[in-house]
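Next up: the structures, one after another.
What follows is a pair of complexes built around chain A, which joins chain B in one and chain C in the other.
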Partner chain A sequence: MKTVMTIALRNLSRQKKRSFLLGGAIAFGIMIVTIINGFSGSFVENVSENFSQLLAGHIFIDGVEKSASGKDVSIIRDDAAVSALLLDAKLPVKYVNRRSSFNGTLIFEGKKVLQDVVGVDLGNEKFLKDRLVLQSGSFESLPKDRQGVILSADIARKLNVQIGDRMLVQLKTATGQQNVGEFTLEAMSVNPGLLGSLSAYANKDYVNELLNIAPNEYQQMGIILDSINQIDPAADRLYAAMKTKLNTFERKKADSGQGNPLAAMMKQSKTETWQGTKYRLYTLNDILAQVQQIVNALNIASLVILVVLFLIIMVGITNTFRMIMFERIKEIGTMRAVGMQKNEVRDLFLWEALFLAIGGALAGLVAASIIMGALSLINIGMNSPVFILLKNGHLTFKLIPWQVLANVAIIALLTLLAALFPARNAANLSPAAALGTTK
Partner chain B sequence: MTIVKLENVRKIYPLGKTEVEALKGVGFEIEKGDFISIAGPSGSGKSTILNMIGCIDTPTSGAVEIDGRATGGLSDKEITKLRHDVIGFIFQSFNLIPVLDIYENIEFPLLLGKQTQNKKEKQEWIDYLIAEVGLTQWKNHRPNELSGGQRQRVAIARALVTKPRIVLADEPTANLDSKTGEAIIELMKKINREMETTFIFSTHDFKIVGIADHVIQLKDGEVIENRRTENARSDGGKNA
Partner chain C sequence: MKGIRRVLFLASAIVLSGSFLWAADPDFHQILRTIDAMQDFGGLDYSAVYTIVTQKPGEKDSTTQARLFRRDEHNQFVLLIMLPEVQKGQGYLKIDENVWFYDPESRKFNHSTMKENISDSKAKNSDLSKRHLEDDYEIASTSEGTIGKFPVWVIELKAKTNEVSYPKTRLFVRKDETMVLKQEDYSVSDRLMRTTLMPKYTRVGDKLLPSMILINDELNKGEKSQLTMTEPSIARLPDKVFSKAFLEQVSQ
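So, the complex of A and B:
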């Protein structure tokens, strides 16, 4: 076996140009697939991180009541009960925020913009202060002005408002009544990209007043954990605790195969009736279930690319090995004459193909690492429309070891398959015919 | 003692829509330890006979017996093992493996079969053969660094490394100048005497034929002369 492997390895150096081209084709295939895998590997993580910053939470709890007219009213009245559960579940909590929000129309001097306005308690929103970069104004001015609002620079430009300007807001209360209020622009945030402009921030007390709910009530609790990887087990623990103490909607999980889990829970609340507040728990993963589908699609696409590339490369490998067999026909005859068995001749070609595949794959991985490293050094910036895919303005790549190994294994297998037919032909050559062949 | 026996061996090759009868009922016996020349002009069937004796081809009809064993009906695996254990080959074009150095080329057949020698014994035996063929200082060189005569010496050492009972040489001097060719034949003869290995070589060079113990002359696929020469030992190889 060792002799066969040694000859196979040395045979690769006989036609350096040919080995280089074949290995190069393999390397190119593995490089492309590795880059796609690396990108899709960090895709979920980056999108999740960016979304968790936008939504200010990894785990969310909503309260829902049924109004007299049968409409869903989003409200959490008993904060003490929910907070106690949070303590009981012993979650690795970093921040907890309590927010109310509405989607209303901001109006200034005839200009209108539809805008989500989130009521926050800025004293407890360290996370928001860390994330939101102000272009003008300050965080300190918001609590001082009950009707203050922070808008993204983009929205402020659309409304043509300046710091200190007062604007009207039209909205519906928690129970669906029309209402109007006034905001004063206290600060403008740097537009952090497409989704960043969707939210404006105001004092929760005033947002509650506009929604016609009490100051100590709110609509959503957002829990930020120490790590994004803790979401699922932490949510499971909290949900188990909630079920024992509170009236809770059945939880739909992202991996339950029921489509979008959040949409499924919303639909559930519409069809059910209950008394008092019923609570709903969902996670960032549930919201981003579709992102996972995109990643799965990317992974499938990369696998298809790998297979298609290799079907093309396989044709080249098969032809090359046929040529090699013809070139070495006397050598095969000699080896058979001096006592090499058929299977050893076959193995000689297969080892050569395997070494070629592994060499090509390693070169491809090295090339992919260099390209990924270079791409991740480029600062695209968080103002880019693709900011949601970036980490601090940079593309990042994350490779899953088993996926890399699986790609290499697929390539090795396909290369072996491509070389198998010429190898078998070589093995089945009659020694006399091989030795008697004139080239 | 008979080591090779051919009985009414015929070999027909298809050639397009026709057939060519390369051997027309050939039969002879070869004694162990002899130095045998199979002579004849091109196309007389010399190489075909060597292929039959070397078990790298099978007769269309007739029987071939090597070292007391009938080769008809043996599986490819058994035939390959028989070749490995009993026969050594020397080719006209040397047929060395270009990616192996001289030592490795000679060692190669030993690595194919069941390993019976320990590493040290094996190394000493290969070094001895390399010394016998006068290539000690070339042992770590690749074949392309050697002259034709040197390559054929390597091929001789490779043929002997498994201590075969028969060495087949198909026109071993055809690609060599006459001086080198003579030296190669002398080397083969020396080894034949020292190791008592049966050497069967094909040639159309009548000068080389003269050195043989036993001459088998072929013409158009038939044996036209089968005689032992004055070089043959009187015991006919019976005590070899």
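So, the complex of A and C:
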């Protein structure tokens, strides 16, 4: 066996150019697939982190009341009970924020834009200040002007508003009544791309006034944990505690197989009736359930790419090994004549193919690591439209070891399969016929 | 003696003129009830075609045509969009307090409200449904005024609950015949949001309905809609009209 392996290695080094090209093809395939896997590996993590900063929460609690006519009113009037449960549950809480928001129409000199406006208490919203990159104006001016608002530069451009301009906002109150308010543009944030409609921030006091709810009331509690990995266990603990003490909607989880869990929870309130406040608990993972589907799609796509690439490479490998067989036909005849068995000849070809596959795969992994490392060094910046995919402005890659091993195993298997037929043919040559062949 | 007679005469004149003035102030609650009743078909069905022309500055006028079906006795309402072509087959269905919007493209019913605007116009579904002024509002104040050549009562209403679209509304009601000629709707922050003019009325059975409605958006200056009602009918409608199946069927 050792001799066969040594000869296989020597054969590879005999035709360096050919081995390099074949190994290069394998390396290219594994490099592409590894980069895609690396990207999809960090995709969920980066998107989740960025969303958690924008939405200011890993776990969210909404309060819902039923109005006299049976309509849903989103409001938390008194959160003493929820806060006490949160304290008792001893969750790894970094901070808790309380927000109100509405979807309204901003109107300025004949121009209109539909926009989500989030009422925040900037004094407590450190994460928001860290995440939101301002193009002009400052965070400090918002608390000074009760009717101040921060808009994304893109929305400001659509409305043609400048810092200091006053605009109208038309909205519905918490109970669905028509209301009109006025905002002054205090700052413009860098265009957040896909999340443009999520990026208007105003003082919670004024947003509450527009929603016609009391200053101490709000609509959503956002809980930021120490780590994004603690979301599910923490949410389970808090939900279990809430269920015993408060009127709580049944929690639909992302993995419950009931479609979008958040949509399913929203539907619940339409069909149920109750007295007082009923609480809804959901997590960032529930909101981003569809992101996981994107990751799954990316992983499937990378696997398909891997297989397609290797089907092409396999044809090359099969042809090359057939050529090698004819080139070495006298050598095979000699080896067979001096006592080498059929299976040893076959193994010789297979070992050669395996070494080629492993060498190529290793080279591909090294190349992928270099490219991923280089890409992650580029600072794309947090003001990029694709910021949601980045971590602190950088692309990041996360590889799952079993996925890398599986890719290498698939490549090794396919290469062996490609070399199997020429190897069998070589093994089945009779020594006399092989020695008598003239090229 | 003559002096006493003069005093008595003056006193009677004051009392009579006072009672005359008292009689001149109508029962405003009754006016609200009359307005509500004027557009409530009760046990009868009502259908009509509404053409809504909407103007927005810098945009081409848009026309929406919809057929309305109402069975007020059972609080049922169907509005089927016929124009523009791209929205043909869309419709609203109200049964009791539930309102659905049907989109033939997705073939799905989604929960909606009567407060929704019809297509891209300034008119809401509630503008075409029966009114509940007496139930929804209380009278805050009354005064007199004129709209064109007509003397009107100006009745300011304040919503009884916080679920009515507009918490404050002012009705300009003709004095000689109970007809709302103008309506102003205000936001929670007391800002005028829209003005509705009803210059033409038509009799449908024993009911009086505005056949032309002009709605001005007071926030978006220059944006307005004109609703024209045609083909009014109080003929009995098949029960199936007020069902989801009807909207699905007619859109095919």
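For the reader, a short list of remarks on this structure follows.
Following the convention adopted for this analysis, the second predicted complex is superposed on the first by the 391 of 439 C-alpha atoms of A that agree within 3 Å, B and C clash if a C-alpha of one lies under 4 Å from a C-alpha of the other, contacts with A are read in each partner's own complex, and residues count from 1 in each chain.
Everything that follows uses one rule, which is that a residue touches a chain if its C-beta (ideal position, glycine included) is under 8 Å from a C-beta of that chain, and two chains touch if they have at least 3 such contacts.
Here the structure is a predicted model, which means the values were calculated and not measured.
Partners chain B and chain C, once the complexes are superposed on chain A, both fit on it without clashing.
By the touch criterion stated above, A:R166 is placed in contact with neither chain B nor chain C. Applying the stated contact rule after C-alpha superposition, one finds that A:K126 touches neither chain B nor chain C.
In the superposed model, A:E344 lies in contact with chain B only, and not with chain C.
In the superposition on chain A, A:N11 contacts chain B only, with no contact to chain C. Centred on chain A, the angle reaching out to chain B and chain C in the chain A superposition, using CA centres, is 150 degrees in steps of 10. Legend: residue contacts after superposition of the two complexes on their common chain; A:M335 is shown touching chain B, with no touch to chain C. When the two structures are aligned on the shared chain, A:K245 is found in touch with neither chain B nor chain C. When the two structures are aligned on the shared chain, A:S430 is found in touch with chain B, with no touch to chain C. Of all C-alpha pairs spanning chain B and chain C in the superposed arrangement, the closest lie 70 Å apart.
Within the complex formed with chain C, the chain A residues making contact are 67-71, 107, 110, 112, 168, 170, 172-173, 175-181, 210, 212, 270.
Chain contact summary for the complex, chain A toward chain B: residues 2-3, 6-7, 10-11, 13-14, 330-331, 333-342, 344, 430-432, 435-436. Those residues of chain B lying in contact with chain A across their complex are 47, 51, 54, 56-57, 76-77, 80-81, 83-85, 88-89, 91, 93, 95, 97-100, 104, 108-109, 111-113, 158, 162.
Considering their complex, residues 57-58, 97, 111, 113, 115, 159, 161-167, 185, 187-189, 191, 193, 219-222 of chain C touch chain A.
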